[in-house]
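As structure tokens, here come the structures.
Two complexes come next, and they have one chain in common, chain A, joined by chain B in the first and chain C in the second.
Up next, the complex of A and B:
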């Protein structure tokens, strides 16, 4: 399954959405990712917001927190994949137990990154996600 | 190229060669058959031609005979019949030879032409059927008219035969030789063909042999490979197996698997069934989901490895001796790709129990080291002399505990008695450790006390209930040894003359003497000043119980060596009593118009016939009624007995084993062990203890001890 995106200036461009209930974490992810082809289309603080934003902006790549107020990440992943099966979702969560990771993968996530993470880990995870 | 590719190519070559050789052989046989058929026709024709070439001469000869007969007027019927027969045969056979398609030669044509001319000449002769002779008496036998005609025809035929019979014979002879030549050539060709056929058969046989040989070699190699695979699977320490698309285990698996799971029916077993009774349902559900994910196209190997929920799987299984055993298994999964995507999932299982346990041990050691460091820092605040004194006392106490544990006991009552004894000793050690703020020791003794309490609650006691206590005691002794070593090091650093005595064995060969004083006797050491210990303890107690003390101590420097430990034990216990029961909280004291800080006075002095220790606090005193109520509650006495007790006897209750007015168990009080320990050690030294109190005003303990010499004799 390849990501579909319109070429911009001869280069593929992907739309990125960041979902995390922590403002600091959202900014951290935005600042730390080093992919020129990723264009941030919006950030959301909970599952419902994310769903709404997703419908409006149709992102290709999503980073998703799991523990959030109003609709948690796991449910949100399922809904996003229903809306757009080709979406690539990277779960970024402090929940370190493998059962949660497996659950997220089952719902349709494509990658898993544990908090706290280094910039390098984040970029590696995104690179793996977009491969 | 892969082994499978090589094998396929070999099979193709074998099949191609086999087909080619079969075709060649078929062709040889067909051509050979046709050639043989042709030859057979040639040979038949040759035979016919050979026979035919004798006929013209025979016909000439028979014509001669017929003419001779006719001339001498002899009987000619037989000669004519012979000629008829010969001509008929010749005509038939020549025509038959002509009818054979294979024989198409100019000689035959010319022979036929000649015969076509010869035939009409012969025809009137052979068709003659009249009477050739006419018999008369005068002239004898003469040719009849028909006979003369017949004679003339014979002569004409003879003449024709003389001119042409030779030529006809020559043509037929030439035909025969041509046919022979042709047959001979056909035979040569057939021989050549057969030789080629034999060659082809030989090549085929050789090829078949070669391929049989290479196949055998390949089979041998395959067998060797199979055997090696078997050996690997038998020897390897990891469990290996393949999972198919239905999450079932394949038919090949390593034998380590059988050792790990205690079963051998893996082939066809589903992964879920494998783990079913070994892990919790939640883990099983996660594991099953994970396995399903492995077959999906989103599952990158690295990602899947990072979320593997079976990386360290704790399983509980029978160890074959009826009890359960916990083991740690590490599952690793690798996808095996085929031309059409994932073919299998290779699963490797390692038993990592020892490394997990080692890691835990390391962690424990790390924690232990940290604790030791903490303790060392704590010990820096304790006077080395005090510390060594405490360690001696504690060791003596623990020896006693050990001795109690070793005491033979059979009945439940005896076991309970042992427990009570253990409790007292431990309590005393804990008190002193707390006083010195040696938290690591105090908490360990407290844990041991908890275990003893647990034991007490059991409805029935047996010897095996004491085993965990022995283990815990060993641990405690080991800890004390390390504290002592550290103390020695500290002392060395501080350049003090105190040296660390030898470590105490976990289980001493003989029970130690009953009293701390006697235990101390063989180990002379500097006389300890217990004042700082008690002061430190008072401070700690004040902090722990949110109370304030003003501790004044007099004459403790005069405590003779043999009494030192006992006096200290007693003072620690009484100080704790004061902290918990005696001195009120600052608030209460303010309300009672007392000074916020409780005054605790300790006095030791020499008397005419020994020594006297006075311990007094200006606390709440002891309420006789609450003492009685507590004693009844603890079932030390019945209500009836309680009502009969006078004040003095009631006060004596506090020296009874198991007595406590405190419901909550804390480090300092509440276990019902305390004053009875004090009383017992005093009695052991031949002394006496008394208590007097005034509710709301004071509590005073007075301990009278004999002179040192008589005390020793009392102990002995």
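Up next, the complex of A and C:
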């Protein structure tokens, strides 16, 4: 499934939501991503906040942590995909086992990046997500 | 009980964290075993482990080390809350990476963070811990792995 956002001022623009329970990681992802076409619409610290923010801002692209309080990332991915099947989700997590990556993809994630990561790895993962 | 290969998993996870996140390798000292609760630094991020193994993994570091680590990560917020956030994230990352070898039944909690001089570490009486000394720049920290 391809991203299909409407052009704004002649350029395609995609709404980005960042979900991670660490403020440092949220700021890091925001600061390090280098895509002009991504417009940050909000950040959330757990799955419940993410669902609420998602309903209000309708993002096209989401980065999603997995280990979070209140609602974890795996459950949240499933809920987001129910709301918007075309959303593109990049999991950014420390959980490095294959079974977790497979489960996230089965729930509807489109990419998986392990922490810790370099800026280059982050941007390559986002580029792959938006292809 | 922790086998040599399992200990190696945590040593490699710690090495990888500093190489990638701090862009500067840490020197990892020889791990050693101790009984009782090890001493901790000003900030400690604790991950509770459940599933096929039970216990705790924690990363404990002085404020000075965390400040430099934040600088290397291009952070400009050095508040108490950010120090707590960082120490929890380091513990979470190293523990989460360990699932590459331990598998998904190595269940990790969200981090809890302790700060101050003598915080109470949740540890079973008589439990033995492996201490992994971490030297980075001029600072010392440690990863404590206590699993049954």
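Assume the second predicted complex is superposed on the first by the 131 of 131 C-alpha atoms of A that agree within 3 Å, B and C clash if a C-alpha of one lies under 4 Å from a C-alpha of the other, contacts with A are read in each partner's own complex, and residues count from 1 in each chain.
The rule is short, and it goes like this: a residue touches a chain if its C-beta (ideal position, glycine included) is under 8 Å from a C-beta of that chain, and two chains touch if they have at least 3 such contacts.
What you are looking at is a predicted structure, and each value in this text was computed from that prediction instead of being measured.
Taken together in the superposed arrangement on chain A, chain B and chain C fit without clashing.
When both complexes are overlaid on chain A, the residue A:53 reaches neither chain B nor chain C.
Once the two complexes are laid over each other on the shared chain, residue contacts for A:93 go to chain C alone; chain B is not touched. Residue contacts after overlaying the shared chain place A:38 against neither chain B nor chain C. By the touch criterion defined above, A:105 lies against chain B but remains apart from chain C after alignment on the C-alpha atoms of chain A.
Look at A:128: by the touch rule set out above, it reaches chain B but stays clear of chain C.
Between chain B and chain C, C touches the greater number of residues of chain A.
After superposing the two complexes on chain A, the closest approach between C-alpha atoms of chain B and chain C comes to 8 Å.
In the superposition on the C-alpha atoms of chain A, the part of chain A touched by chain B in one complex and by chain C in the other spans residues 99. Taken together, the chain A residues at the contact with chain C in this complex read 21-25, 27-28, 31, 67-69, 93-97, 99-100, 114-118. Note for the complex: chain C touches chain A at residues 16-17, 20-21, 70, 73-75, 77, 81-82, 85-86, 88-89, 92-100, 102-104, 106, 108-110. Contacts from chain B toward chain A in the complex involve residues 282-283, 286, 289-290, 292-293, 297-300, 302-303, 306-309, 311. By the touch rule above, chain A contacts chain B in their complex via residues 1, 98-99, 101-103, 105-106, 108, 110-112, 128, 131.
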